[in-house]
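Dumping the structure here so I can ask a few things about it.
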Amino acid sequence: MFVLVNLKAYPCDPVAVATAARDVAEESGARIAVSPQAAHLPAVAGTGVETWAQHVSPVGHGSHTGSTLAEAVADAGAVGTLLNHSENRLKLADVDGSLDAADRADLETVVCGNNPDQAAAAAALGPDAVAVEPPELIGGDDSVATADPSIVEDSAAAVAAVNDDVDLFCGAGVSTGEDVAAAAELGASGVLLASGVAKAEDPRAVLRDLVSGI
Amino acid sequence: MFVLVNLKAYPCDPVAVATAARDVAEESGARIAVSPQAAHLPAVAGTGVETWAQHVSPVGHGSHTGSTLAEAVADAGAVGTLLNHSENRLKLADVDGSLDAADRADLETVVCGNNPDQAAAAAALGPDAVAVEPPELIGGDDSVATADPSIVEDSAAAVAAVNDDVDLFCGAGVSTGEDVAAAAELGASGVLLASGVAKAEDPRAVLRDLVSGI
Amino acid sequence: MFVLVNLKAYPCDPVAVATAARDVAEESGARIAVSPQAAHLPAVAGTGVETWAQHVSPVGHGSHTGSTLAEAVADAGAVGTLLNHSENRLKLADVDGSLDAADRADLETVVCGNNPDQAAAAAALGPDAVAVEPPELIGGDDSVATADPSIVEDSAAAVAAVNDDVDLFCGAGVSTGEDVAAAAELGASGVLLASGVAKAEDPRAVLRDLVSGI
Amino acid sequence: MFVLVNLKAYPCDPVAVATAARDVAEESGARIAVSPQAAHLPAVAGTGVETWAQHVSPVGHGSHTGSTLAEAVADAGAVGTLLNHSENRLKLADVDGSLDAADRADLETVVCGNNPDQAAAAAALGPDAVAVEPPELIGGDDSVATADPSIVEDSAAAVAAVNDDVDLFCGAGVSTGEDVAAAAELGASGVLLASGVAKAEDPRAVLRDLVSGI
């Protein structure tokens, strides 16, 4: 299981969370990555934790003021990127273009979607993984893997039918080791989480619990 | 073969094109539809031609000022809608939402894409058809079916692999009966065209030539 | 006072509301317009009521699939258009471009904004009027003219400071003749309303009450 | 005169340009800032040059994956931000929201626009400066200050009429000390430039020439 911690625009200390994630990854052997604001990528990557961008733009080098260039986030230490998060929905053609951009910069990719149909559509574009996150569960206390297990199973099946090289992740409400174990049983090979770690008083303790079920 | 004439925002007389299309459809037995500006839907549908919208918004009834409500275009006589045209790219989640909206209003759907990957992604969302239109050929003199036949064949294969209930259309540069015949041979069951008819001095003659190859 | 009834995407009968508006305008001498979905413009204009579009795109004739062409809504009977409604926010450059498009098609224009700063910015682009509508009051029971009178007064002052040829309208929560009278006293020369009329069991009675305070 | 060097998504070495800009600013006393990709902000700021963001999102701390948080770019060393560049046009309401965000993070602001009307609209929102850049001149060899001097003068007048606390900058085609001097004579107090420096073989020499006219 891959645990990807999305720091969004939360008022947390990104280096403190990154340091905790690095330590828990080392002590447990679990794969944990942290995805901060683009401007915080160098500081987060500097801790040694696996570092992801939250987005890259569907562009290459050129006249693209205000874009998030894949090559620039890679320079800054990112090795992967989220795309099409429910808080940052992209045009279908731009998901395709951003995947090409990520590919040129050797970034791993996870494309988000709301439901099995969108997960299948995303899988057709050839990312490394697709994450299904029902918007109504994001930021809440109920994990998708327990509140709506069929959406995870159906997404896993839909993705496999389109392209079985694409992994399925799930997100929305994941906050405990039990949630992670439930996600794995439903066919997910990764989880996205955010506030459960980023807003925790003790991120290290939360991360230890999360990976305990792996 | 289905011939769908997209009037875009061209300075043509939509009723004159619609009348020509209705007559040629009747005399040839070919299926021809016309897709005007939303404000012209009632006048176009009033000719008796099969009438399509150029877009519907991913919304239902409610507080959506400036949207294009699927139920309103259906009221006005549309029986189908284009979605995600290269001049009107939608977010992946909104292609999904607009397909749901079209379904509630009993509209047929054609989702556009640039390439086989995007065609496959669109097919995963369950439209009636997917149209592949390489942007560099739109509005030009070279037909996709002759200039870039592999993109049509590859799209047909990619769509069939995802969902073989979804038809493949092609567009971009289609303007003659030969182009239509070439498209059919490559696996397309419909063509999108626009300027070739809308800007013609004699749309009726162009349409007669187009359907001659069917 | 100008009373502009925005039908949004509500499940109302646009012709019934338009007929009521036409009748109340005639009997009272008040200026009342109705703004339906683009596909309903011909039917609404056919009643004889003053008819407005909810939006026009920042384009002229050309390759703009899915756009709302100013010339097309004018053809269909519209004499004015809303722009930048809070449910359909436009880029600053596109407000400018849509105003140019409306001008070419001889459409009157009302640009919406949330607050006095945005109202002043909109006024700098030279529309016929600017409408201030605090988003938190839209669709509610409290009228902006009573719940937040200073925003109307401040907007009137801000607009006048930038361009005193531009009228100020207000919207959000307007539903009675008292609200209209209060808006007029604060410096507004028009009101936008929507659900209060569109969802009324008896739109004619609501409109009669609305214009009673003029 | 303020010289703001926008590195866009160019394939340049941002630290090399920043070091040159820092040195030329020190030796000449001119104010020069560099605006890199968000992911490069820490490295650029680390040189000691005045550092600007290319964009900030209209959000505060919270659930905004993929946003560019003003507080994060400030953390990373930015002291100002461009907004609404022609390559990154924002909704009118979002220009307003991004200015609020920049203000909370103590960032200086320059809002871009195409023409005098848009410059006036931007000025009404209260940024520190407005930059007028005719899109047809961006990236070209003709400077706005020589190719289209009236647009600079008219913008200066339009901005002053709305809010005379707001400075006027100009951009598009500025590449020499003469261009800078011409811009200053037309009423500009700053210039935006990009490819002229970022793509130069010797950025230091170009910057020395640029500030020679100040």
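A, B, C and D are the chain letters, set down in written order, and residue numbers restart from 1 in every chain.
Keep this in mind: contacts are C-beta pairs under 8 Å (C-beta built on N, C-alpha and C of every residue); 3 or more make two chains touch, one makes a residue touch a chain.
None of the values given here were measured: they were computed from a predicted structure.
Hey, which pair has more contacts between C-betas, B-C or A-B?
Top pair by contacting C-beta pairs is B-C.
Need the most distant chain from chain A, centre defined as the mean of C-alpha atoms.
Centroid comparison gives C as the farthest chain from chain A.
Starting from the mean Cα coordinates of chain B and chain D, work out the distance between those two points in Å.
For chain B versus chain D, the centre distance works out to 43 Å.
Give, as an integer number of Å, the spacing between the C-alpha centres of chain C and chain B.
33
At what distance in angstrom does the C-alpha mean of chain B lie from that of chain A?
So the centre of chain A lies 36 Å away from the centre of chain B.
By residue number and range, which residues of chain B touch two or more other chains?
86
Could you list each pair of chains that touch, in label order?
In this structure, the chains touch in these pairs: A-B, A-D, B-C, C-D.
Write out the stretch or stretches of chain D touching chain A in their complex.
6, 8-11, 36-43, 53-55, 57, 59-69, 71-73, 75-76, 78, 82, 85-88, 138-139, 194-195
Inside the complex, what are the residues of chain B that reach chain A?
Listed in rising order, the residues are 84, 86, 89-96, 113-115, 117-118, 120-126, 158, 161-162.
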